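There are two complexes below, and they share subunit A, which is joined by subunit B in the first and by subunit C in the second.
On to the complex of A and B.
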């Protein structure tokens, strides 16, 4: 285990953890329910640790991408359904992330939203064309570490630490009306979806193949998933806690992406604001690339095409065309004029609906001794995996009714 | 097929609801946006924000208020007029003025919720 590689891997996971949906839902959750939803972030983070570790392990041991194994394990029909569902969920998410990039560039430069969407998307596509996988992952992950300013800002505003720590205990706030209870449940489901977006596991697993992981890399995989994702999740929790501290007393329920940056501007002024916006820009840009590449990986792996950013773009032409098309379609969705914040809602909603479908094959593969041998899920991994599968299935069943009953969490 | 059956009554319910109670969420949105606008102007007055950020936020907040107003099912109501007044306020209005609008909208919200 190379300590430098491990540290870089953890830092990349931390910087790459937060995306537009976490930014939006963490800030909203904090302003609406104070610290009461922190535990949902904690529970969902353990979930993504479990599935992230499994996906990395499958990549390292079976040395085959998840979607390739999935087609053989589930058969063509069920495999196609899974593929289609994850492609749609990732495409909506990618469009939301590109919208987020455009909004942040708009806050930084004052340029028009549409122009910023085009400039941002072209810049991201150029970086995907030019950079090898490791550098794509590291540049956006490490620059996303600017997001740490949110944790520093939280310390600077002196929150009630006791109450904040109490938020890690599973709870439903007392005295909520039925309507408020439904909104609380909607937010819980949305947070689970935002933290456990399916693209994360597939991108991480394909990255393992790109970097030619083997069984010797399994300890690095475990540490990166647990420590990296855990620390990354603390950034989301910091955004939630600052929102509870600053926005609730001001009667603000953050409706636009830029509101989150106010959490840093209030204690640190214009310099803090710019650092926060830069962190958000790189974190969301990284997520845009990950969602787009996750789709190109899934499609190429399923149909057995040449794939990967360790090859030159023209050495894997169908893979290259796939990510370029997905990115272009996502950009076109944003250019139709749809509100990116609305798109975030749809991304979270659609992702939770397909989450069980996308994680079940991974759970089956990671537990299958014929593929994984001695590295198949142990009793702890297996039990946790199935507990989380039941949890996300329940969340998927409840998501649509909760969305309609609460008007998307607005009440 | 079961999903379609589950969705149908919910969609019907959502589509059929009209009147002040259906507008409650948009009044709440506008109230929150007015408070946010006040917070932005307050921080801008203290020199804590950049010009580009402030003008982009003003544009976004206005757009969201406009969307909330357009979604009202009773467009001639007193809360719709309050939203129109809010939209007529200049970008750099003092925070107290914006908070006053937020309070007025909150009163409508409270009145409808207790009805």
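On to the complex of A and C.
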């Protein structure tokens, strides 16, 4: 295990963990329910650790990424349904991320939203064309570490640490009306979806193949997933806690992306605001690239095309055309004038519906000794995997009714 | 696993990715072709690759849509070209020689060959 590679991997995972949906839902959850939803972030983070570790292990041992083996496991018909659903979920997410990039560029430069969307998307596409996989992963992941300023800001505003720690204990706040209970449940489901977005597993396992992982890389995989995702999740929790501390007493409902950045501006002024916006810009840009590439990976792997950004664009031509098309369509969705915050809601909603279909084949594969041999799921991994599968299935069943009953969390 | 041995078609072969002798992905086992006759042994003759090979596996309306989007090309890979079957099918020939690179080559012609590090 190379310590430098391991450190860089962890830092990349930390910086790349947060995306627009976590930023939005963490801030909203904090302002509406104080610290009471922190435990949902914690539970969902353990879930993405479990499935992230499995997807990396399958890539390292079976030498095949998730979607290659998904079709083999699910068969052509169900595989196509899963492919279509995940492509749509990732495309909506990608459009929301591009919208987020445009909003932040708009805050930083004052340029029009649509122009910033085009500029941002073109810059991201250019970086995807020029840079090989490892550089893309590292540059956006490491620059996303600016997000640490949210954790520093939380410390600076001296939150009630006892109450904050109490948020890690599973709870439902007392005295909620039925309507508020439903909104609380909707936020819980949305947070699970935002933390466990399916693109994360596709991107992570394909990245393992891109970097030619083997069984010797399994300790790195485990540490990156647990430590990297764990620390990354703490940034989301910091955003939630700052929101609870600053916005709840002031009765502020953070409806726009920029509200999250204000959490840093309050203790650190204009410099803090710019650092926070830079962190958000790189974190969301990284997520835009990941969602787009996850779609190109899924499509290529499902149909057996050449794929990968360790190759030159013309060496994997259909893969290249796929990511370019997905990015362009995502940009066009944003240019229609749809509100990016609305897209975040749709992305979270659609992703939770797809989540069980995405993670079931992974769970089956990771436990299959004929593929994985001695590296198949042990009893702990298997039990945790199935518990989370039941959890996300329940969340998927509840997502649509909760969305309509609460008007998307608005009440 | 060798292709000459006994294998479970659905769980051990169908829908597995194909990798050629140079390590390139070059398709998926979309269907298989048998030889043999009544009273004779049935043997695997070839792997069928391409959207046209979905025909027996998809409902008619879906197949119409697939033909519209992806065409109905089928490439036949003789079983002698299969080296081994694991979590993927390893071929002992080059994808281009086996006719599995046609679509990639068509798209490749449109992509500028510069700019990437």
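Criterion: the second predicted complex is superposed on the first by the 411 of 411 C-alpha atoms of A that agree within 3 Å, B and C clash if a C-alpha of one lies under 4 Å from a C-alpha of the other, contacts with A are read in each partner's own complex, and residues count from 1 in each chain.
The rule is short, and it goes like this: a contact is a pair of C-beta atoms (placed from the backbone, for glycine too) under 8 Å apart; a residue touches a chain by one contact, two chains touch by 3 or more.
Since we're looking at a predicted model, the values are computed, not measured.
Superposition note: with subunit A as the common reference, subunit B and subunit C can be accommodated side by side. Of the two partner chains, subunit B is the only one that A:107 touches; subunit C does not reach it. In the superposition on chain A, A:405 makes contact with subunit B only, not with subunit C. When the shared chain is aligned, subunit C comes close enough to touch A:62, but subunit B does not. Legend: residue contacts after superposition of the two complexes on their common chain; A:269 is shown touching subunit B, with no touch to subunit C.
With both structures placed on the common chain, the touch criterion links A:118 to neither subunit B nor subunit C. When the two structures are aligned on the shared chain, A:142 is found in touch with neither subunit B nor subunit C. Here the vertex is the CA centre of subunit A, and the angle it makes with the centres of subunit B and subunit C is 130 degrees, a multiple of 10.
In the superposition on chain A, A:252 contacts subunit B only, with no contact to subunit C. The overlay of the two complexes leaves subunit B and subunit C separated by a minimum Cα distance of 18 Å. Those residues of subunit A that touch subunit B in the shared complex are 103, 106-110, 250-256, 258-259, 261-262, 265-266, 269-270, 273-274, 277, 339, 400-401, 404-405, 407, 410-411.
Within the complex formed with subunit C, the subunit A residues making contact are 62-64, 68-69, 71-72, 75-77, 79-80, 129-132, 135, 300-307, 312-314, 317-318, 320-321, 371. Residues 10, 14-18, 24-28, 30, 49, 54, 57-58, 62, 87-88, 103-104, 107-108, 110-113, 115-117 of subunit C touch subunit A in their complex. Remark: subunit B residues 3, 6-7, 10-11, 13-14, 24-25, 28-29, 31-33, 35-36, 38-40, 43, 47-53, 55-57, 60-61, 64, 67, 102, 106 touch subunit A in the complex.
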